[in-house]
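To start, the structure itself, in structure tokens.
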Amino acid sequence: ADKVVLQLKWVAQGQFAGYFTAKEQGFYEEEGLDVEIRNGGPDIAPEQVIAGGGADVIVTWMAAGLAARDKGVNIVNIAQPFAKSGLQLICPKDGPVQTEADFTGHTLGVWFFGNEYPFYAWMHKLGLATEGGADGVTVLKQSFDVQPLIQKQADCISVMTYNEYWQAIDAGFKPEDLIVFNYTELGNDLLEDGLYVMEDKLKDPAFEDKMVRFVRASMKGWQYAVENPEDAAEAVMEAGGQDENHQQRMVGEVAKLIGDGKLDLVVYERTAKALLDQKIITKEPEGAYTTAITDKAL
Amino acid sequence: MRGTLSWQIMLVALAVLAGIIAHMTAANGGPANIGTALGLLAVSAAAAWALNRQALAKACILFIGAHGTAWLLLSGVSGHEGQAGASFYLALGAAWLLAWRCVTVLSLMKPVSLVARRALGLIIPLIFGAWVLILWEAIVRGAGIPFLLLPPPSAIADRIAASSSVLAADFKQTVLKAVLAGYVMGCGAGFVAAIAADRFVFLRRGLLPIGNMAAALPIIGVAPIMVMWFGFDWPSKAAVVVIMTFFPMLVNTVAGLSASGHMERDLMRTYASGYWPTLFKLRLPAAMPFIFNALKINSTLALIGAIVAEFFGTPVVGMGFRISTEVGRMNIDMVWAEITMAALAGTLFYGALALVERTVTFWHPSIRGG
Amino acid sequence: MDSFRSKIIPVTTLLTLLVIGWYAFAVALNGPFQRDLDRRAGEMPGQLEFLMRTWSQPKPTLPAPHQVAQNFYKATVTVKPWSNRSLIYHSWVTLSSTFVGFVFGAGLGILIAVGIVHFTSLDRSLMPWIITSQTIPILAIAPMVVVVFASIGITGLFPKALISTYLSFFPVAVGMVKGLRSPEMMHLDLMRTYNATQPQIFWKLRVPASLPFLFASMKVAVAASLVGAIVAELPTGASAGIGAKLLNGAYYSQTIDIWAALVAGSLVAVLLVAAVGLAGRITDHAMGGRPA
Amino acid sequence: MDVSASYKPAPAIPACDGRLANVVEANRLGLTFQTNDGPVQALSNVDLTIGKGEFVSFIGPSGCGKTTLLRVIADLEKPTAGTITINGMTPEQARQKRAYGYVFQAAALLPWRTIADNVALPLEIMGLARQERAERIARTLELVNLAGFEKKYPWQLSGGMQQRASIARALAFDADLLLMDEPFGALDEIVRDHLNQQLLELWARTNKTICFVTHSIPEAVYLSSRIVVMSPRPGRVTDVIETNLPRERPLDIRETPEFLSLAARVREGLKAGHSYED
Amino acid sequence: MDVSASYKPAPAIPACDGRLANVVEANRLGLTFQTNDGPVQALSNVDLTIGKGEFVSFIGPSGCGKTTLLRVIADLEKPTAGTITINGMTPEQARQKRAYGYVFQAAALLPWRTIADNVALPLEIMGLARQERAERIARTLELVNLAGFEKKYPWQLSGGMQQRASIARALAFDADLLLMDEPFGALDEIVRDHLNQQLLELWARTNKTICFVTHSIPEAVYLSSRIVVMSPRPGRVTDVIETNLPRERPLDIRETPEFLSLAARVREGLKAGHSYED
């Protein structure tokens, strides 16, 4: 079997259920692939891993992927399992923030490490400064969890629909206690989990073929996971996930974001433009994606 | 020394020979200047060997030979990144050996004048450090190591120059606020705890085991909690530093307090000296070498602690914040710029401590010489 | 064992005080959120009921001791020791890389100290850079280190132990340099009159004289080594080890799990430091151990 | 040599047996050290009474327990048998009242203090004013002939000078009871004679009680009002000799027949305790 | 007392001036210490020749440079002026050949070694076999009367016993040149006499060269073939006295007129170097 190393963006969890399922259900094996899935973690940048040759293919967000490409790491999007964004900002209803207009002068929790681009794009659109002060917002680099909200250290915090949102609920917030700003609904969404490989490797037809099979099996895995969240959660647990109930719920939520695996060029253009507007990338990205793989695979 | 051929020079000769062969046989392309570099190496090695007796002249020649070669090689590699061959590395290695020889010659020199001694004390580590950088630059660029894994020092230097205001703000946030406050409080708390444990047997028996537990409260677990308790700004980082530095101070002070001699303690007993006078006049001075041990170890731990603590909830400024964020943004040169700042600050702080130590524990055999 | 018995009462007293303070802290820290919750639910619990609630939140800011104890008990006694859910298993994983890292770190530290004490050129050129090396926030770049190693195919215990080594060699090196230089001048003179060789002076004089410094430093080093191992477990994507437990706990806001893992980490620390202390005492005894 | 025999025995030292004025009273004192290789009996059945103003020398072979006895008096060692009182108090109480000054067998100077600061140490602890301290330091350093070495550190002095600094330190302390453990061991004859005379003068002037360990028989006889001869394994008192020499003692008293016969008696006692058969 | 004057002066020690057999030769030797408070001239213009098999005593007031001179001979201190050779070699070469054994003024025992192990230290360094070591240890500890204390640690011994252990250590080393810095300072008269005799016997038997620092005039006269009197600030040699006593010296030689007149001459020399006017 052909060996493939997949580097995830984060720890084993429902967010990656498709890949775990594909492995568990033998979809990769059917394609003649031997896939090793490497979990990520805080401060593991998949882009760095692939640049160092530590992986064949990575899962990362489009913004981070384009930023890395801008820095000379020639990675290419070969498939886009997540069609929609799961990012949102939540604020307690009894807090000071009710609408976008209330942001000024308040503290907002944001994840950094390449996850901050959608937020900055949004603030850029709203015309809000992010250096603090009375007419801007104060940005707090948020930890993994929802504590800043409980502790009232931030007026609003970032959550993923499939993860931290439910932690807030678990902690005792009721859905009706929360104001939710969903990036997708606001039209601010930047593309999230996609599959990326090094551009020069892709020139090798054997590698390309391997990726075709990989994407095909992965999407099959996602398909299966969406239809069988229990099995998918089980596969996640197998891979070192924590808290089975939570993973099941996560798979269920992630399922709502999954598309057919093909990159939606409209959203791609928007993502690229937002990054360019904020000077996160310095030039119009070229060749940052290929549809060749998905065309063959799906 | 003494007229014999040192092993470094012998190796240089071998490396130059091998380099010439490799250079002749290598395909065209690759870094420029290698021929010139090999020539310079050969000349300076021969001159150093000939000048066996005059240490200063010899050191100068070695210095010029080594660093001239380095300069030639580094300037030759630009435009040819990742194309270095055997001859390049042989020349580099030979230059490094010359520098090593230079350091050896310098450290065998025993100048009489104080100024010259001080200068030597600076030059030697600087040459060593310069070579860490030269080798790093040459290998990274010669082998074409991806920028994302390890940027060359020159890129880091450029970045430092370009982002000095950001670096200054981060330095202020992390070092001047969190580290200093935490260091002072942590060392102070460890010290006071050690005295308390020394004063009261009850506390000694109870506190030390519990202190041991605090030893390994891993910052990674403590930092989020401190953020919960002290907010996301620098006080929570200072708290982490306090926890990090507490234990080394406790352990060393406790060890130091039992370092005074038996006869001296008996002497104080005959004066019916109370606990405190004995502590201040005998046991603390005798404990000073240990306490400085802790202060030195802590000076580096404090920096690490504050930086790591900034991974968990911070305002968008600070060295740790910058490091983790810029890794995510693939600005690895910025990460190394921050690391350079941290290293510089830490080394200076440590050096200052070592100076204070020399004056405070002038009487200890380790300072009087031994 | 006598010293053990004499410690029991003070340790338990202090621990009791600690626990009481902890409960109080828990009320203080969990109280505000509990009040928010109650307000949102429109409830008005009594004084005692309120206390109970602050001590039984599912994701408290500061879990009450009994919550931690329950969790700890569950994760050690009721599960198979080698299962993924057992803190014993995770502690063991961390302990083994700590141990490897510490052994290498202490060895390296001693080696460096020996070099520095014997070669002025090393003292002059190496020492400043060893210090500098420690001011590099290795923990901050631990992920990069792990990435770099993974990219050349080195994974598993080695990168973790490497970070432990990096953190633990320094205290040992600094302490040993001091210790190896601490023999009395008169004793050094004595060895000179015997024309003792450097190794003889080293083994018969410098080493015995340095032992108090060595053991004090090793206590610090073993603790640092543990911190290093735990931190290194975060980015390796390791699913085993106390660090992985802490990370998972943190990621899912499971504060009780975090604290249970912290307790496990502390116990490991106590164990390690006590082991070094014991080794120190045995050595001291073997060297005539004059009572203080 | 001008040997003169004209000295009269001095009158018995007053209050030598008076209950009230006794400074040291030991009854069947014993001390056993526990060592890695079995117990060592350092003192056994020592009975001893020292009156106020006496000058008592302890002499005995090396290892017979002289230092140990002094340490028991000074409350640095607890007896394992018998009782001892100092000025009617326990040694601990006496120590806390700063009843005595102690000169150790080794100099025990603190390496981080200059000579002057070392002498100042007990004075600082007693809380004397700077002025008073400076004066006492100057006086006692002068007395032991170390004026001019105030600013040196101990390791910059010769062995004898260190020992003299330590004597100066004890004298500066100025307690009523002086415990001196071979203070003049490392000094040459001339300095020794000088210091002997200084000590006698001090004793005469201040009526201090002095317990003095020495290895020199002439020194013991020259200085003391009473000589306690000890013998080892287990350490015990084998002879107590009253010297009855006058308090005023010029150096050449050492050549008088009384002196020589006393010395001979001490020597006999000493020999008896030795294991050498010569 | 049975004073007998029947001893004849011994014949001049052979090779005392023979160029070849000189063990120590110092020419205009000087040594200045740099201290925080100015230079201290410890030795100045010292000329000294010691022949093979001589027993030379150094005597002089405390701080006059005796220890420093011995340390220069032993290559523990570098002279700042003049030259010195040991057996025709530099002190450094001599030290490297293990030409001498040194007894320090303080005992300098390693606290973590038992007495036997302390004596074993130089023997281990010389690489002697265990068997040989054990034998030498037993013999020398016996010599200094410390048999039975092999397993004790230094802090469990009295001051004098520690000093004796240190003497045993130097004797076990068994070098041809013995440098002894007040070895018997902390010992009582009886032990001292005993050890003096032992040392003389050893000297006679082995023809070692011995440099001996002492503060006791009788000891210096009793032991030496030559006495070097020194005086301080700056330390220099003021007198060199040949004793010319026979090599065989019973203890009571100390009461012969020759002895007493030698002692008086040394005392005069010593006094001259002192600043006391008495």
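First chain written, first letter: the chains are A, B, C, D and E, and each begins at residue 1.
The working rule: a residue touches a chain if its C-beta (ideal position, glycine included) is under 8 Å from a C-beta of that chain, and two chains touch if they have at least 3 such contacts.
Composition by chain, UniProt nomenclature: B, C = ABC transporter permease; D, E = ABC transporter ATP-binding protein.
Note that the coordinates shown come from a computational prediction; the quantities given were computed from them, not determined experimentally.
Looking at chain C (ABC transporter permease) and chain E, not one chain touches each of them.
In terms of the distance between Cα centroids, chain B (ABC transporter permease) is separated most widely from D. Chain centres here are C-alpha means, and the one lying farthest from chain E is A. When the C-beta contacts at B-C and at A-C are tallied, the pair with the greater total is B-C. If you average the CA atoms of chain A and of chain C (ABC transporter permease), the two centres end up 35 Å from each other. If each chain is reduced to the centroid of its CA atoms, chain A and chain D end up 87 Å from each other. Taking each chain's centre as the average of its CA atoms, chain A and chain B (ABC transporter permease) sit 39 Å apart.
Taking the mean of the C-alpha atoms as each chain's centre, chain B (ABC transporter permease) and chain E sit 50 Å apart. In chain E, the residues that touch at least two other chains are 106, 153, 155.
Counting partner chains per residue, chain B (ABC transporter permease) shows two or more touched chains at residues 149, 224, 228, 262, 311, 324, 327, 364, 368. The multi-chain contact residues of chain A, meaning those touching 2 or more other chains, are 42-43, 45, 48, 52, 143-145, 147, 151.
Every pair of chains meeting the contact definition is listed here: A-B, A-C, B-C, B-D, C-E, D-E.
Interface residues of chain B (ABC transporter permease), counted against chain A in their complex, comprise 146-149, 224, 227-228, 231-232, 310-316, 321, 324-325, 327-332.
Chain D makes touch with chain E in their complex at residues 33, 35-37, 40, 59-64, 66-68, 105-106, 145, 151-153, 156-161, 164, 181-182, 185-194, 197, 215-217, 267, 270-271, 274-276, 278. Chain B (ABC transporter permease) contributes residues 261, 263-264, 266-273, 277, 281-282, 285, 361-364, 368 to its touches with chain D in the complex. Listed in rising order, the residues of chain C (ABC transporter permease) touching chain B (ABC transporter permease) in the complex are 6-7, 9-11, 13-15, 18, 29, 61-62, 120-121, 124-129, 131-132, 134-141, 143-144, 147-148, 151, 170-171, 174-175, 177-178, 181-185, 188, 212-213, 215-217, 219-220, 223-224, 226-227, 230-231, 234, 242-243, 246-247, 250, 258, 261-262, 265-270, 272-274, 290, 292. Contact residues on chain B (ABC transporter permease) toward chain C (ABC transporter permease) in their complex (touch as defined above): 103-104, 107-108, 120-121, 124-125, 127-129, 132, 149-150, 202-207, 209-210, 212-222, 224-225, 228-229, 247-248, 251-252, 255, 258-259, 262, 289-290, 293-294, 296-297, 300-301, 303-304, 307-308, 311, 319-320, 323-324, 327, 335, 339, 342-347, 350-351, 364-366, 368, 370.
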